[in-house]
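Paired with subunit B in one complex and with subunit C in the other, subunit A is shared by the two complexes that follow.
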Partner chain A sequence: MAEKKIKMIVAKPGLDGHDRGAKLLSRIFAEAGMEVIYTGLRQTPEMIVAAAVQEDADVVGLSSLSGVHNYFFPRVVELLREKQMNDVLVVGGGIIPKEDIPGLKQAGVAEIFGPGTNTETIVNFIKENVRK
Partner chain B sequence: MDTDYVAEILKGSPRAISRVISWLENDDPRASGCMEKIYPHTGRAYILGITGSPGSGKSSLTDKLTQKLRSQGLTVGIVAVDPTSPFTGGAILGDRVRMGDIAMDPGVFIRSMATRGYLGGLAQATSNAVKILDAAGKDIILIETVGVGQDEVDIIRIADTVCLVLVPGLGDVIQSMKAGVMEIADVYVINKSDRPGADQLCAEVTHRVAQDVEIRARQWPPPVVQTVATENEGIDEMADAIQAHRSYLEQSNRLIDKRRERTRDETLQMIHYELFRAIKAYLSRDHRMDQLVSDIMERRENPYRLMHRMLKNYLRLPESDISLNAD
Partner chain C sequence: MFDKNELEKIGQARQNWEDKTLKKTLDKQGEQKKAFTSISGTTIERLYTPLDVSGLNYVECLGFPGTYPFTRGVQPTMYRGRYWTMRQYAGFGSAKETNARYRYLLDQGQTGLSVAFQLPTQAGYDSDHALSMGEVGKVGVAVDSIEDMRVLFGGIPLGKVTTSMTINAPAPVLLGMYLALAEEQGVPWDKVGGTIQNDVLKEIICRGQYIFPPKPTMRLTVDLIEFCQKQVPRWNSISISGYHIRESGSTAAQEMAFTLADGIAYTQACVERGMDVDAFAGRLSFFFNAFTNVCEEVAKFRAARRCWARIMKDRFKAKDARSMMLRYHVQTGGVTLTAQQPMNNIVRVALQTYAAALGGCQSLHTNSYDEALCLPTQEAVTVALRTQQVVAEESGATDTVDPLAGSYYVEALTDQIEADIEAYIKKIDSMGGTLTAIEQGYIQKEIQNSAYRFQKEIESGERINVGQNKYIMEEPPLTNLLKVNMQQGEIETEKLKKLRAGRDQGAWKSALDNLREVSGTSENVMPAVIRAVKAKATVGEICDVWRGVFGEYRPKEYI
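Up next, the complex of A and B:
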């Protein structure tokens, strides 16, 4: 059996105007040996979850800069659960106020990585927590 | 477990389709049992290949063409291939970025696929993924190859109709005269036709097609259509050209010939692959291969004789078929 690759969706829910960070992170994940499906700007949670289903993603990485994370991130988790994809790891990043993090984690987002996080930390977190 | 997945695929369940495609990609032993069971349900879909250089607009054309096919009431499966890094093993699969408009359509299934070192413009699992989408009831299956250069032509072994996407500005008339990718199209698509040089490129390709003795000898003269995918221009013409090629194949019985050839190649390839895998697995046990390599390095053995000995020892075929010129 070939070595299993980690498949990761990187998506930007909401109406953010740029995706520099998400693109940079996509490249970092690819450099770490993952297969990264980049879906682009202005994604709805439904689009992100449809992509996760069709791509059989192991990880969904969400990025948001405009303050919509409290709605969009939990909604993605909820839709994944509706599709019985509970074992998909959901992580987030972008501009997320510290006080919002506990609520997001409670909603099922595994971790939130703010600006300045060492990229190695993110990669290692994913590798350690992804479904085996 | 297998029967569940097979039944779910036949019902068109996206989760089952996507999981079994992952098994195929990972060489998971569960895949082959599934494939055996779904095989009788394949062969109904029409398979379209979209190939062309990186950035020529394959994904945008795939997106717009899919919308057109959907408006005709057809369901569509898409396999979009992008390259794997030879250094890290990772990949950026970015074809979905251009497919936002069809991403939520339940009549469309999109799967991105990394080449994982497989050459020729496709991934190892591509042809089997196509079969799964076929068995799942998709009417048209669109394969978008990696951005190709001049020689990645595997798509002609899988697709019924191949569209080659060209764009102006990539070279002079000599490029359109060359062998390889330039010869494989059933439909030539000049995308970004609003850019300077598009008409000239169109003329050059039209000339090539008209003058090429080999292409002229085919009964199907490949049409050249001009598109601007981002503006949804020329998509109807592209769809018509594809439909015309399909009608030609069906009416001339060429489709059956084509699929017969494909079945033969595919079967031989599967045997080749499995034989190689089995012999490699056997030789990898107990450092056998290491020992053999050492023997060869020290010139106590040579790879030619070794190869013949392997075939003789492990294949039960008539001697005349396996030992071409063994000592």
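Up next, the complex of A and C:
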């Protein structure tokens, strides 16, 4: 039997318009066999979580290049928990100083991928850590 | 540039060289790669000779600086007369903090200002709006009302500096505030100089700070251009931008092609408004990227100057030479910076600065080495500004006009990029024009495909980023990063509360009612905007009026 496809939401929280990474990764995740829904720009945490609930997503990928990760990423995790979606894997990327990463992980973000990360690293991380 | 006999001789000599000299070397030792390509994917030949530029007619294709087709530059003396304007894009936190950074940069020899507005301002929201949560003061300065604008330019005489403002969909509002402030300082509008980005098409293509649907947002763009032409004659009323197209992943040729296509759309819209092309085209300005491949970048700038001159002359029948000049600002390539071994970025920026200088830019922003990690610290900004000063005053690049002209390689590359630009413009014309090409996602998809190809090349090791996919090392993270006050949102919210309570409610309301009424007609909105900002209407309130009249834009996403 074919393995169930990993379902992933790729989202741009906040007002940041830098979506080269989000779009490129959406394409690469799809090529890696995942089912990808890209939300587009200007998403509130509530909108992102609503999309995750509606799609019964396995993974939420957040991209931020405007310095709002410390506000938005933990908020998405918190709202997912409120919806009893504790086993959704949340990953993030963008312009994120290394010193912010421990705090984000503590808040429940599984991993942060900075600029220059090989896309295969991200794909493998998701495949290994997604709910089985 | 060579006669037939001369070319024949060169051809024979070349054949001779290939058979005798080259072959021996290639037999002994092959080349490092099967094919050499630029970062844009252009095939680069082993050697360029007069044979590669045999079709180049000097007078027609290159000419002389300051004359048509401007391939060699828009001014006769270029940097021998005056260096480019050194203009660092800056803005963060409050208007007060940013004002301090501006005054520091001016003290350090910077010659123009460039305002980075926070994302809420760029998206037409006030700092206290729900969508502004977490964003206030982050990537730019918080400007909600004329009161913030007054603090931002405190102690800076608007008649003496020129200011560039990166603001697009809400451009009329921020220009309105700037002009109202100039009036307060006693500076007449015809003495105010600067540039406003006002390029909404590229927001839809790639930058994402759109608000209104294409047609009404274009109307606001043209309103601003028309108003400046009549009342603020020294103001560059648009900065048609390829910078963000390149940052999104395009090639060098695509950057120029799609930007000139946007330029055609704006010019067409102004002509359709009834404006004479020579009355406004001299105030159209451009904004491009500079990557690290110096020769390709120089060729790109030269090709675009030639293309734009021809477009204005042939397509729009411009007569004034100023209308045909591609004048532009350059920013070094943000996406070329690596988070790994960030000090290497200083070298990248230096090469990009050199490319911008050799290419003939009118103003330049250099990125700071820490920008793959955060907004730049004052120390990093100083190094970036000094990089410009070293190139201007030590490298010799500024001593002669268009120093790389006549290089067989650069001329051949210039011709090739020009041909690529023309092919794209022809394709876009055949689709029905720039707006249609954007609506159909054609331009967006072309850029995304280039970004994808580049990523694959990096990951296969075919293309090298030093410190990122080669010469990797463990390193401690860069410390001492710029931090923006997390409480900035609350501070701005408090300020807005006071502003709203303290303003003359009657004047405020009637100004917004007037704006709503004017916006529903075909009248130019600028006078109504200026009245509203003087009555202390905020960016968000004015954009809300327009959201009501014009609706909001929601793009289709192309993956």
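The rule is short, and it goes like this: the second predicted complex is superposed on the first by the 130 of 132 C-alpha atoms of A that agree within 3 Å, B and C clash if a C-alpha of one lies under 4 Å from a C-alpha of the other, contacts with A are read in each partner's own complex, and residues count from 1 in each chain.
The working rule: a residue touches a chain if its C-beta (ideal position, glycine included) is under 8 Å from a C-beta of that chain, and two chains touch if they have at least 3 such contacts.
Note that the structure is predicted; figures quoted are calculated from it, not measured.
With both complexes brought onto subunit A, simultaneous placement of subunit B and subunit C is permitted, the two fitting side by side without a clash. Judged by the touch definition given at the top, the superposed model places A:Arg27 against both subunit B and subunit C.
Using the contact criterion defined above for the overlaid structures, shared-chain residue A:Asp16 touches subunit C, although it does not reach subunit B. When the two complexes are overlaid on their common chain A, residue A:Lys127 makes contact with neither subunit B nor subunit C.
Once the two complexes are overlaid on the shared chain, A:Val68 sits against subunit C while remaining clear of subunit B. By the document's definition of touching, of the two partners only subunit B reaches A:Asp56; subunit C does not. Within the superposed three-chain model, A:Pro97 lies in touch with subunit C and out of touch with subunit B [touch as defined at top]. In the superposed model, A:Glu35 lies in contact with subunit B only, and not with subunit C.
In the superposed pair of complexes, A:Lys4 makes contact with subunit B only, with no contact to subunit C. With chain A used for the fit, subunit A forms the apex of an angle whose arms reach the C-alpha centres of subunit B and subunit C; rounded to a multiple of 10, it measures 100°. Think of it this way: put the two complexes on top of each other by chain A, and the tightest Cα contact between subunit B and subunit C is 5 Å. Contacts of subunit A with subunit B, set against its contacts with subunit C after fitting on chain A, overlap at residues 26-27, 30, 36, 38, 40, 42, 44.
Those residues of subunit A whose C-beta lies close enough to touch subunit B in the complex are 1-5, 7, 26-27, 29-40, 42-44, 46-47, 50-51, 53-56, 83-85. Subunit B makes touch with subunit A in their complex at residues 14-15, 17-19, 21-22, 25-29, 84-85, 88-94, 96-97, 100, 103-104, 109-112, 114, 116.
By the touch criterion given at the top, residues 14-20, 23-24, 26-28, 30, 36, 38, 40-42, 44, 66-68, 70-72, 95, 97-99, 114-116, 118-120 of subunit A touch subunit C in their complex.
By the touch criterion given at the top, residues 119-120, 122-123, 125, 130-135, 138-139, 203, 206-209, 247-249, 335, 338-340, 372-375, 448, 451-452, 455, 459, 465, 468-469, 477, 479, 481, 484, 486, 554-555, 557-559 of subunit C touch subunit A in their complex.
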